[in-house]
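The two complexes that follow have subunit A in common; it is paired with subunit B in the first and with subunit C in the second.
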Partner chain A sequence: MRKGKNKSSKLFPISVDKLKTLMESKFENNPDLSFTIFEKSEARIAVFYISYLVEPEMVEQFMLKPLLDGKSKWTNQSILNEIPLRSGSKIEKLEEILDKILIGEVYIYVENEDAALSYLLDKKEKRDLTQAETESLVLGPKVAFTESMITNLNIVRWSIRSTDLVLEKIMIGERFPREARLVYVKSLADETDINTMRQRLKELEVDQIEDSSVLMQYIEDSSLTIFPQFYLTELPDRFVYAIDKGRIGLLVENSPTATIAPSSFFSFFESTEDLYMRWHAGTFLRSVRFIAIFLSIFLTPLYVAATTFHYEIIPIKELLTIGNSRAIVPFPPIIEVLILEFFIELLREAGARLPTKIGQTIGIVGGIVIGTAAVQAGITSNFLIILVAISALASFTIPNYLMSTAIRIIRFPMIILGGLLGLIGIMFGTCFLLIHLLKIKSLGRPYLTPIYPFRWEDLNKALFRLPIAYQSKRFYSYQPKDIKRYKKNKAKTKKDIDE
Partner chain B sequence: MVVEIYRIKFVFVLISFVFLAACMQTKIIEQHAIINTYGIDISEESENLIETVILSYIFDEQAENVTTINYGKGKTIKEANQNAEKKSSFTFLPGQIRLVLYGKETAEKGFKNYLNVLIRDARLSDMMYLAVSETTAKDILLLGQENADIDMGQYMEKLIEKEIKGDSIPNVSLHELTHTYEDPGKDPIMPLISLTDNKIAITGMALFQNDKYVGKISMEDAFLVNLFQNKVHDRQIHLSISREPFLKYLSAPQANRDQLHLSFLIIDGESKTRLTDIKELSYRTDVNLKVILNETSETFKDENEQFANLLEKEVEEEVKRQYKKLLATLQNANSDPLGLGSIYRAHKKNGKLTAKEWHQKFPETTINLNVDVKLINTGIKQ
Partner chain C sequence: MDINVKVKSNLRIQAFYLFFLISFIQIGVGIMGVPRFIFKESQQDAWISVILASCFIVMVISAMLFILKQYENADILGIQTDLFGKWLGKLLGTIYIIHFILAFLSVIITYIEVLKIFIAPNLNNFVVALLLLSLVVYSVRGGLQAIVGVFFLFFFLSIWLLGLLVEPIRFMHFNHFQPMFQASFTELWKGAKATSYTFMGFEILFFVYPFIQNKQKVRFPTYLAIIWSSMIVLILTVISIGYFSRDQLLKLEWTVLDMFKIQNLTFIERFDYIVIAEWMMVVVPNMILLMWAITYGIKRLYQVKQKTTLYILAIVILIASTFIDDYFLIRKIIDSVAEFGFWIVYVYPLLLLPMVLIKKRWKRKSGGRDLSH
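Take a look at the complex of A and B:
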């Protein structure tokens, strides 16, 4: 569409009336074009804009008032001097006018001049800053990104006030272009990473992108895998945390989520809260999350495998409990588990779609009422209800929603493998999963780093946390230009009190 | 493109593996009877016929009791179990067997042939216990059926486990037992389960010569066997020693008593045995006991250091005497659960020893015992 632009012939000078008919023909079915003609001592000017895209008070006070009150003759130069607005510029091409009028520019054309004058007086409808909804924190900043790019850039700047921070502008979308910003710290981010990301964005040929999560799917390394390869966050806090470690961020106009790349598998289980807590708690909570993944993926498949094939591995007392509660269930364990897991997914999906207030009620009604009734009706055993609840709960501990969803889905093939082949099947599944994880890349970097390729120095950042003094370096795996964050703090060593 | 098609074929083959595997036989727990305990007796009809009594768990809505009992006869244990299965609507699964009980008569003829069924199947736990019943195994297990309030299988398993955990008897799991059975210098030992006052209890330990039941020892002696082999902790012992030397310490000496009964808690007990003379087959055993005095049958007035020394000495003598008595019993039965033969084999020139050879030598062995008792606490008494 934009390609036809350069063909246009010279538009100006033109009479005001002709311009009016021209503009009205361009906006034929668009009643919002405001086109007004003013006359003063035989000179005529046209002022036109899209009414809902501009601030009306600004137009009246700073543009029309000086224009009509001024004593001098109307020429482009005199108007530029008289109107107390900064953004005035001369525009000559019709296509440019049509483009820019849609982002909220106001045009003034003095009859028989060579160019029209444009002023940016756009009115942006935006919501206020609110608390993050999908990623909730106990400690630390809670403000979330909004749909407005200006606001988002503003928030990022709060944290990194340095010219070192680059906010590269890239337009994406052939038909309906949208602005994206490549965010990185020049002195830290790896050149190769920046170039890869820039190249992927520039070579993207799509008509438009709906959201940054969609953009992420266009540019990620492999679209076949179930795992997200870039971290998607709505927390500026989390975003800045990644940027100042030398990673690259991506903001998209009209999207309240930011993308972080490259992201390793383990970074999806990090929360900035680990940092805000003392290191003991940070390490503990992170290990809780890692245990949670295993519970979430393997708990119910193990139940299926054990009750279908490996009754030997169940302790005898537990065996009696499971056996007694399963006695009334008419289905084999695999069907029983699939029914119950599906039920939990239903509950979760219903909770996510409904408004918050009703969603909570549904959770309680579904969880307690249907859960108890299902046992009494003989659809499922008591024991399984606990396991399914634990594995659902465990999947909620993962800080990233995309990863949490991926983990939820992986459980189902595992259950089926466990039900068909027992523990061997689960081992097959685990091996397949591991091999798959080893092959994934995020922005060309291995997904499973620092486990593979093994980097001893990064383990304390990816898997657990150490006291600040031992955490003074950035991730080797992401190869930032400067590896050192700070010198080990010696200030806190005790000094003689007399000094 | 060729690679693509190859890959699709590969994935298709992989997926088909998964679905073909559905033919694998499932063992869904509530559709099976899970054997917990079985007893083995030789049938009265014929020498070659084995009669098994199977205690198993079934999970059935209608069934009142989880535990069921079934009998079967056959030439092998598996056959007998299968015959027992015919009288049940469930298939028996052996993977949770916790106890195998041999009837006394069966044990006397040797358990050798009944052991391999347990070893061959990898699903069977090595931690299961083997025991001998004083009568037939059937009698013992049937009693459980009558006393419906206890679950026989778990009851007996716990009975044995409790004694092992409490350091009263040596470990008698299948793992240990197969090891000692294969070791020519050591004989197996199993708990002896019998009926006393209509209750099932461990009344002692069965002694074996190779695999044949040859006699029994009391639980007190079983503890001495355990002390000989392992370290013991926190185990109560009760000793009766001569009253004579303590007369002057007694606060109110009563007439017509000749023994003093004492209860001790052994905090730490260990022993070490060495072969001192290979020709004479004489051993030296050092037993070290750290004890706390818990209870005395009579009260003392002056518990000073001399009293403590005297007490230690008398207790040492008593332990020594008990060990001598035990060794005599063992030599009489010609069964060596102490493992003296293993020590002998280690010192023998070519290191080879057959069970037959050792059973000829064992009755001639002598042990030079050296017991050291340390009384570390007598409790607060005032």
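Take a look at the complex of A and C:
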């Protein structure tokens, strides 16, 4: 974009032949430029476009036909009047022509006029709406974002039909610019958040961005931490849920995932499903997830610590069981656990890379066959197999894929600390992790809110759920402009029994 | 040096976090062995000594709050400069800093000692000190905001330990308390003085005060913190008197930790291991806040960058705690901190109070500006 902006010498008027040589020189070795010259009673016009980017039928029927059949003399104004298409506009600069011809515009130039006419007749190849692949819901809308920005904006608009919803356009990328949309609700989102986000996007000087997940990494608060600071989702459902709480969304052209910011640590364990369930189930499921993080991080490290250093902690009956199953294992606990954890990671990675059908087979073969064989061969104890399987399973309960990967990785340093220093090491790791979490920011807001800074009012949304009457407010932590969502139902008066 | 401190609004903290700061820094490593020391002095009436000590602390903290209220936004370093002039003020400030450094050292070596006694006798001092100090350096780099967060979070993550005392409570014998009211006042007073090391730490209020946003609400959390920590020490003292026999109590070095040994669940046999590891969550916040006060104080007094002090001091303490390995030396350090601290923490504010009042009156009489400006 920047290149060539300075030499914006006047292009028009120009003869049609000259324009043809000019365009062909620009698209040298690109055989797809269609450049046709039409003549009618001394007047000449040129029609040019990139053939595979436009709808050929539209060009022929609505553009060429009225153009050639029309009785009046060819001028810019008469053509604008005659062609029954709404998107006509006058373009004067060569750079703009070169830029826009690539998104599917068709140009008409009447010889010796001082502007070319452009019509957007683009043909976009896009896939249909499908179910989400990486995130799944039992209840609620299941449609996923696609690679097409238009489709994505469409889906978001289905849910929030209001002029309050702002879809701000920002171009990102110096060499190959790509469109990004800042999505927020004007009457809710915090002004500072919007400004921070906008500033970060505008100050970004990158060649190009590959995907919204890459863009997220460019604009995150800290790139050193293992935790994702923005929420990445492919479910419009979750996206809209965040937007109408006053948070900011980011959509990127050609990326099926949307970014949500600011995101607190606990928002990564929220699923919109918790809302669709009744509050008892919602609270239960969310606590299952919190227990799952705990298990996933601590289960195997504690096993290593206990069996290496502090076997006194384990009651004698369990100790006998563990001892029995570990009797023929030749490795120290830390090596045994690392081998098995690595094996599980192998399975997961193989399952993710292979197509679904083979992936499932690999899971069964790997999990059952190799697992059983490993125990029989005396490489691991079957007690440990259970623990490793539980902790792997637990890490998959986290609704966000980035967070679940982060949690899985944290386990490895914990295991090593547990193996080297026992409980002291694990405690050190825990303290370090917590202090680390306290220091992270997401879009300038504390990551561990509502725990710290403490927000009593937000606890029932972040950590558990209460009946709908107690959920009438938005998160204080994100400081939306309007905190109230609905009025508490005060119609219920207190009644005595049998009244 | 300015008397009043200018603190940016985004660095300020809410007053209610003072509860966690003060109560948590009081309950540090001292509490692990305190019942024995009180019992030594005032026998079965040790619990009266605790109450006595807490009443005294309430008095001291009232004096401290009163002194701080006379100024707009000052800390102890500023107040001392205001009262005693530049040089004497700096000297007294330095004494405060030294007190904190010694307290820091005593905390880290005590905890390492406990770890060695209870968990791993052949633990390397250097490794543990390195771990602890890296946590301290890492969180002090986050500033007071992060430190307060650590206090708040770790408070809730360690408070459940009290629940493990159910079993010792069930085995209490109430005849251990009889006959009651036998100790003389001097014995009670000596018992109260034995708590001085445990209860120490609330002097941090003198440093944190300028950072508090809503100063009109300072009183409640402060007093609540004092009451809370007094209650915990009182409860632990009562339980250990009731649970241990007299001879045992006089012999056991870490009375409170030994009480956890009896607790067990179907899947965990020895809770004392977990308690002592978990105690890291009590020790680390203590060290962090002390370290912050040291670095911040040195910055105020000598304009040294906080990061410089932090790294240098961490290395010095790492070396010191690696080589301080001898039980009697550790005991001696703790005793000297207790003795030194007694004067600074408990007596000094009471002496400072009349001076502040006199200075205030004198200034008003001489028609000078108000003290706070």
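Rule of thumb we're sticking to: the second predicted complex is superposed on the first by the 486 of 499 C-alpha atoms of A that agree within 3 Å, B and C clash if a C-alpha of one lies under 4 Å from a C-alpha of the other, contacts with A are read in each partner's own complex, and residues count from 1 in each chain.
The rule is simple: a residue touches a chain if its C-beta (ideal position, glycine included) is under 8 Å from a C-beta of that chain, and two chains touch if they have at least 3 such contacts.
For clarity, every value in this text was computed on a predicted model and none was experimentally measured.
When the shared chain is aligned, no partner comes close enough to touch A:Leu402: not subunit B, not subunit C. Contacts of A:Ile328 after superposition: subunit B is touched, whereas subunit C is not reached.
When the two structures are aligned on the shared chain, A:Leu421 is found in touch with subunit B and with subunit C.
Of the two partner chains placed around the shared chain by superposition, neither subunit B nor subunit C is touched by A:Leu295. Touch criterion met: A:Leu320 reaches subunit B, while subunit C stays clear of it. By the touch criterion stated above, A:Leu201 is placed in contact with neither subunit B nor subunit C.
Look at A:Tyr452: by the touch rule set out above, it reaches subunit C but stays clear of subunit B. Looking at the shared chain after the overlay, A:Thr308 reaches subunit B, while subunit C stays out of its contact range. In the overlay built on the shared chain, the residue A:Leu438 is in contact with subunit C alone; subunit B does not reach it. Where the contact sets of subunit A with subunit B and with subunit C meet, they give residues 309-310, 312, 314, 316, 421-422, 425. Only residues 18-19, 21-22, 24, 26-30, 32, 34, 36, 57, 59-61, 66, 93, 95-96, 98, 123, 125, 154 of subunit B touch subunit A when the two sit together in their complex. On subunit A, the positions that touch subunit B within their shared complex are 307-312, 314, 316, 319-320, 322-324, 326-329, 332-333, 416-417, 420-422, 425. The touching residues of subunit A, counted against subunit C in their complex, run 309-310, 312-316, 318, 421-428, 431-432, 434-436, 438-439, 446, 448, 451-454.
Every residue of subunit C that touches subunit A in the complex is listed here, in rising order: 14, 115, 119-120, 123, 127-128, 131-132, 134-135, 138-139, 142, 146, 148-150, 152-154, 157, 264, 266-270, 273-274, 277-278, 280-281, 284.
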